[in-house]
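The first chain written gets the first letter, and so on, giving A, B, C, D and E; residue counts start at 1 in each chain.
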Amino acid sequence: MDCQLDIFFLEAVLNGLLLAGLLALLALGLNLIFGVIDVVWICYAELVMIGMYGIYYAHKGGVPLLLAALFGILLVALAGAVLHQVVIRPVLDSAPINQLLVTGGVLFFLQAAATMAFGVDFRNLGIRFGSITLADMSFSYSRIITFGVALAAMLVLWLFLSRTYVGIAIRAIAQDRQIMPLMGVDQRRIYLITSAIGGGLAGLAAALMVLQYDIYPQIGLQFGPLIFMICVLGGLGSLIGGFVAAFIISEFIAIGGSCFATEWGYAIAFLFFMVVIFIRPQGLFGGRS
Amino acid sequence: AQDFKIGNIYDQTGPFAAGGSKAASIGAKIAIDMINERGGVEGHKIIAINADAQSKVDVAINEAERLLNEQKVDLIMGVYSSAQCVPLAAKVDAAKKFFWVNVCVSSAVFKNKNLQYVFRANIHSDQYGEASCSFINEWAKSKFGKDPKDLKIAIIYEDGPYGVGVAQANEARCKEFGMQIVHKESYSATASDLSAMVSKLRRAQPDIILHTGYNPDITLFLRQAKEAGLKFQALIGHGAGYSQIDKLYETFKDDVNYLLDVDPVPAQLLDAKKLAPGLGDLTAEMVKRYKAETGANEVPPHTSMGFNQTWIFLTDVLPRAIKKYGGYDPEALRKAALDTDIPIGGTIQGYGVKFFPPGTPMAGQNERSIAVVMQFVDGKTKVVWPSAISTAEPIVPLPKGHAYAK
Amino acid sequence: MLELSDIDAGYGGFQALFGISMSVQPGEVVAVIGSNGAGKTTLLRVISGLLPASSGAMSMEGVSLRQTPPHRIIETGIAHVPEGRRLFPRLSVESNLKIGAFIPAARKKFEERLAFVYELFPRLKERRAQLAGTLSGGEQQMCAIARALMSGPKLVLLDEPSMGLAPVIVAQVFDLVRRIRREGYTVLIVEQNVRQVLKIADRAYLLEVGRIKASEPAAELVASDEIRKAYMGI
Amino acid sequence: MPLLNVSGLSKRFGALRAVNNVSFAVEEGEILGLIGPNGSGKSTTFNCIAGLYTPSGGSILFEGAEIAGLPANRVCHKGIGRTFQIPRPFRNLTLLENVALSAYFGQDRGATRANCWRFAEEALALVGLPTDARAVTDGLGAAALKKLELARALATQPRVLLADESLNGLDHSEMEQAADMLNRIRREKGITIVWVEHIMGVLMRVVDRVVVLDHGEVIFAGPPKDAQANARVVEVYLGTETDA
Amino acid sequence: MRVSRTALIGLPILIALPLIVHLLFGGSEKYYLHLLIQILIWSFIYTGWSLMGRFGLTSLGHGAFTGIGAYATVLLWNYAGLTPWLGVPVAMVIAVVVALLVGYPCFHMRITGHYFALLTLALTEFIRLCIVGLRDYTGGSLGTQPRRYGDGVSLYAMQFEPDRVLSYYIVLTLWLVGLYIWWRVDRSMDRFALDAASQDEEAAASVGINVTREKLKVTAISAAMCALGGAIYGQYQMYIGPDTIAGLSVSLNIVFACIAGGLWVMLGPTVGAVFTQVLSEVLRVSMQSSVTLQALFGSAVLALDTLIYGLLLILFIIYMPKGILGALLEKREKTSSAPTPPSRAVLR
């Protein structure tokens, strides 16, 4: 163990913070879906992958990056809605585990479909932003942008959920779905909207990730397990919980990674996760069991 | 005459496919096509039965079972991933069937296993350590301006069998030269962030970084290293992701200029004049066909590996088995392989072929295989080590103005 | 105003309502009484569309309700305060009221109605930012009624508004019902607290095991010995 | 010594004091009525005794031994059976299995496998449910579910039965029958009963004593007649004549 | 034990199967026996999982138990020279201990549903990380092999792989043992207790069921079976790797196969194993060799089998939640004499 508390350590810690922004954004959509519809989309990271490919091809096809990003967001929002309509709705009343597994089937499907459609090659937009230097520490713009956008997205989502009629209906439906018709709310429509928003958030994450990561059919493996860990740690369905957990986990990775090896950073984050879950099985901010 | 059936196992899907497995399978296919166009081997037409291992070990095992016992192939060939190679080699050997290894490099496949029916003309992972450390050692004084003992080396690697094997070899060999290993760290190839490692490298300030990885992690590392302002004098990659220079260039453009890579050489980079006659044309034909088939403009080393190994088998081992040992059952093939004696410069990848005999620690491994150090300079790959076959002098340390230059 | 004829309804294989026919006139307060499990809640659920009737006809001001999807029944002017209040516990009072005004017609008048219910229940105005789950029982009932009023209904269905409340609060709740009646709303109320509800109701239906046993002016029921014995525990 | 002695029992949910310093004793062989307005803490008291909730304070002595805080299955083994106010049948099992299971697990190494099926049939017959092995739980009406609750509790061979609103959902004649049944259970099997019920007409006739809860506190304990005459009880629960 | 008609017909067929395979596929029986052996080993493992899964304890952690079984056995043999005859029981004990360590807090805190699934998923990942991290002993992600003991079959080292027919009978026995355990559990009172607990834990506790203990019991049996299955898998394949016998993909395959076959019937997991193994084998082989498809899609067609696999899973869960066998039995029940439902008049 060589934990030197020098500037490089600080840099690692701050980089962990920046990574947390992205992870929090990824967890956000998943938690929204779970909180409202009570379904875990195991294939969430694969939706992100679809978005990344969408943005990649749109941009390569000549669409300006920002427009391509918008296209990606809409694409995944649509994918989210379709996923709900086609796959989730038929199993809404069956055992929760079947809902989890059916999205597992979607995971296989999407990975294979991407392999068939886009091939196995790694793709990259080749866009590079610079970085800023602060007292011998460097932070890349793309990560800072990601962090900022993630924060902004969370703020917008929060405003949406707390200010608009539909947003309040979304929060309400998570607390008591049976009486929603009494409020004049069509549950199916809210579910569709929520799925689309969840998808849209995945699309947004995709738009930020194309700036930093290669695109390939199995990219879900790179993020999927981490996101689930974060969501469970924060308390499935808790937006705040997911946010906080993203920070905790990425700091564990960053600090564990700088004191031991990157390989063990993950293992330590993981061990922490197990311990917390045994003490507080419903997660840090989870209300229900 | 009867057809000779080859069971070709490569990963056509999954993460390894793009890491070179597909390229190798195309190389092998080209070799078989060319032999068949010449009328096969001793009148036997070569039939390739291709199997996709899907980047999974259990699938590879099932495919080997199917090819050997149901398709009745005469031997198993190919295999990209070392994780597949190790169990397959043991299994095929135990079943007394013949396995000609084309791509995977792990030393563990042979080390102390005393395999009888498994042969590999390709290099093994210990040689990566040999190549990169010897290269550094050779140029330490003249280029880096330091005694090898004063050079600071960092070793980073993905924690799979490939990375671990190469890193171990790196560490052992560089230490033998007395170099300082200032940092050694592994990470998962699917890690979503490597910035902590980059920070530690910045703290350790190595002169040279030895890196082994697959694709997503290499791009992630290079990107995060640049963004964090990591500086070094040279970066030596070791095959796999680093051999897909096309892809890296697409992403990083000039930042990957002057990067070094250790691997069996892509045949087209060698100076044909230094090789046995006719090999130059062979290489040219391979390159032509590969480009035609894929539309790529760089031909990765894996293509040469797939092609060359297949070619060696079909033009050296198989004819001898048929002529001298009366057929191509595993026993005949084994004897024929043990007789193989191709001098250095006798194959398109420059190395010769002679297998360690049974009873030796590496029985079945080619003792004349070599890894080379290549450098990517302005869109061209040059061989810079060993000097005997090098085509250019290395440009180290990184010239001023380069993104990673100190 | 509200007309039900020959309504059957149930849960899965189990029939809870048998041939219910009833009506509510504008401006009335109508009570439905009956023992536990008689089907009172079921009746209200059928009217507000939470539970589809299996047969029979149902209309509100001439508009048939059987064809209307559940979430649009509220647009015909029926608001349902469900059994157990069913507020959204982790939403603030004001958000609860806001979702009461979810339908497009109500959104336009949100500010106006909010002012109105705050005037009706000043207590809610004080607590507007508090989470609904932390309100006291009486306040929760106020909030539930206010939420129903936010949609601008003509008919309010109340299911056991005094349930689980201390007697002092029960008195308050019945006072609330009187007040909304004074504001011109028509009320259909289900209550266990027979004694109290018959004091404020004009008419009452007596429901027994899914069938209407009697429909009489409230005063007559109060006088009936049988009713007092069966439902007032005397 | 009373069979069951609750003293100073409290249960808090966050800030809510659902049960607050409640004490009462149950004598062997009696039927005790536990009444009070909705939300006064009756079911919570049951849950504390039966081991589903850990009390926040106080003690519960059964046959002189402390049982507060024991897990539900241990309490059951000691000889306390309970029914749920809202029936909670095991819907994936048949009626007979529901009850046989209770007979088998209800006692600490009591029933043998063969015996438990016999006990189950007896209990089902006692409450008036079919003993047919194929009868399923799905589609049972409210009344049948109440009976099943009772059968399940009886199959565990309890010494004390905690019956939570067992008449709820029954019609008038059924109520009379059920009340008789409770009486019979007490008489023939010697089971002591604590009974929560809102249907006063029936309850008051059957019980020996009542304990009245309000806001989690005991406001009255004594014979039914006296309860009906007690001003406080009438005010918070029974209602006054002048109200009508 | 009443011997059913299925068993009367099925068992002789299974016993004669190597002969049948020999007659049908003379010369290639090794490959077909290999498939059959794999199917039987996995059937045993799946059956072990379904012991828990059928009670709503959807564990994604059984990849850990198979891994522990395989690795402990092999490592004890390779490093301590302990014969698998002792190593396997030790491995099973280790798996059971791990299962109880994780199970106790889970069950005590009433963790079920999504949380239980994701928590056990964490266990799988943890064990896999440990295997990879301890690469000096386990060979890391390269996997490792049991040291061969002599050439060919060895009783002492439990190495029977070279003789396929022998291997077949060994795993057939194993599979029958698995079915017997399933049958015993199915007939026990504990099964009712677990069914009850899966429906309502509090109510179950109130009738005297020690829910935690019941769950731990079945978890222990299930983990032990999976460890045994994993160990036998390792002995048969003569190779174990973190991704082939431990890890998430193993866990997921187990769950999917059980769902596909049917959780609630004895042969369901077996049907699931036959279905998934044959499906993936057939799909892969046919995609690989289909010239038309290759011409249409190029080598991309190779992903088609995973695509179809995923699609079938989705369809199964939506349209056949009781699995293939469950659905078939249900259908047969419907067409044959339906059991008399209780008369509603009585029950009202």
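Criterion: contacts are C-beta pairs under 8 Å (C-beta built on N, C-alpha and C of every residue); 3 or more make two chains touch, one makes a residue touch a chain.
This is a predicted model, so every value here is computed, not measured.
A.B. asks: Give me the set of chains touching subunit A intersected with the set touching subunit B.
C.D. replies: Touching subunit A as well as subunit B, we find E.
A.B. asks: If you average the CA coordinates per chain, which chain's centre is most distant from that of subunit E?
C.D. replies: The chain farthest from subunit E, judged by C-alpha centres, is C.
A.B. asks: Farthest chain from subunit D, going by mean C-alpha coordinates, please.
C.D. replies: For subunit D, the chain whose C-alpha mean is farthest off is B.
A.B. asks: Name the chain pair with more contacting C-beta pairs, choosing from B-E and A-E.
C.D. replies: Higher contact count goes to A-E.
A.B. asks: Taking the mean of the C-alpha atoms as each chain's centre, how many Å separate subunit C from subunit D?
C.D. replies: 32
A.B. asks: Averaging over Cα atoms per chain, report the distance between subunit D and subunit E in Å.
C.D. replies: Each chain's C-alpha centroid was found; their separation is 44 Å.
A.B. asks: Taking each chain's centre as its mean C-alpha position, how far apart are subunit A and subunit D in Å?
C.D. replies: A distance of 49 Å separates the two centres.
A.B. asks: For subunit C, which residues are shared contacts with two or more other chains?
C.D. replies: 13
A.B. asks: For subunit A, write out the residues touching at least two other chains, lowest number first.
C.D. replies: Residues 115, 119, 263, 266 of subunit A touch two or more partner chains.
A.B. asks: Could you pull out the residues of subunit E that touch at least 2 other chains?
C.D. replies: 302-303, 306, 344
A.B. asks: What does subunit B use to touch subunit E in their complex?
C.D. replies: Counting only subunit B, the residues touching subunit E are 12-13, 22, 50-52, 54, 56-59, 61-62, 65-66, 68-70, 72, 82-83, 86-87, 90-91, 94-95, 106, 108, 159-161, 164-165.
A.B. asks: Help me check something: in the complex, which residues belonging to subunit B touch subunit A?
C.D. replies: So the residues of subunit B in touch with subunit A come to 12-15, 17-18, 22, 159, 185-188, 190-197, 199-200, 202-203, 215-216, 219-220, 223-224, 226-229, 244, 247, 250-253.
A.B. asks: Okay, in this complex, where on subunit A does subunit B touch?
C.D. replies: These residues of subunit A touch subunit B: 4, 6, 8-9, 11-12, 15-16, 19, 115, 119-122, 124, 126, 128, 130-131, 133, 138-140, 142-143, 212-214, 216, 218-219, 221-223, 226, 250, 253-255, 257-258, 261-263, 265-266.
A.B. asks: Give the list of subunit C residues in touch with subunit A in this complex.
C.D. replies: Interface residues on the subunit C side: 48-50, 69-75, 79-80, 82, 86, 88-91, 95, 98-103, 106-107, 147, 151.
A.B. asks: Where on subunit E is subunit B touching in the complex?
C.D. replies: Where subunit E meets subunit B, its residues are 25, 27-32, 34-35, 38, 132, 135, 139-143, 145, 148, 161-162, 237-239, 241, 243-244, 281, 284-285, 288, 299, 302-303, 306.
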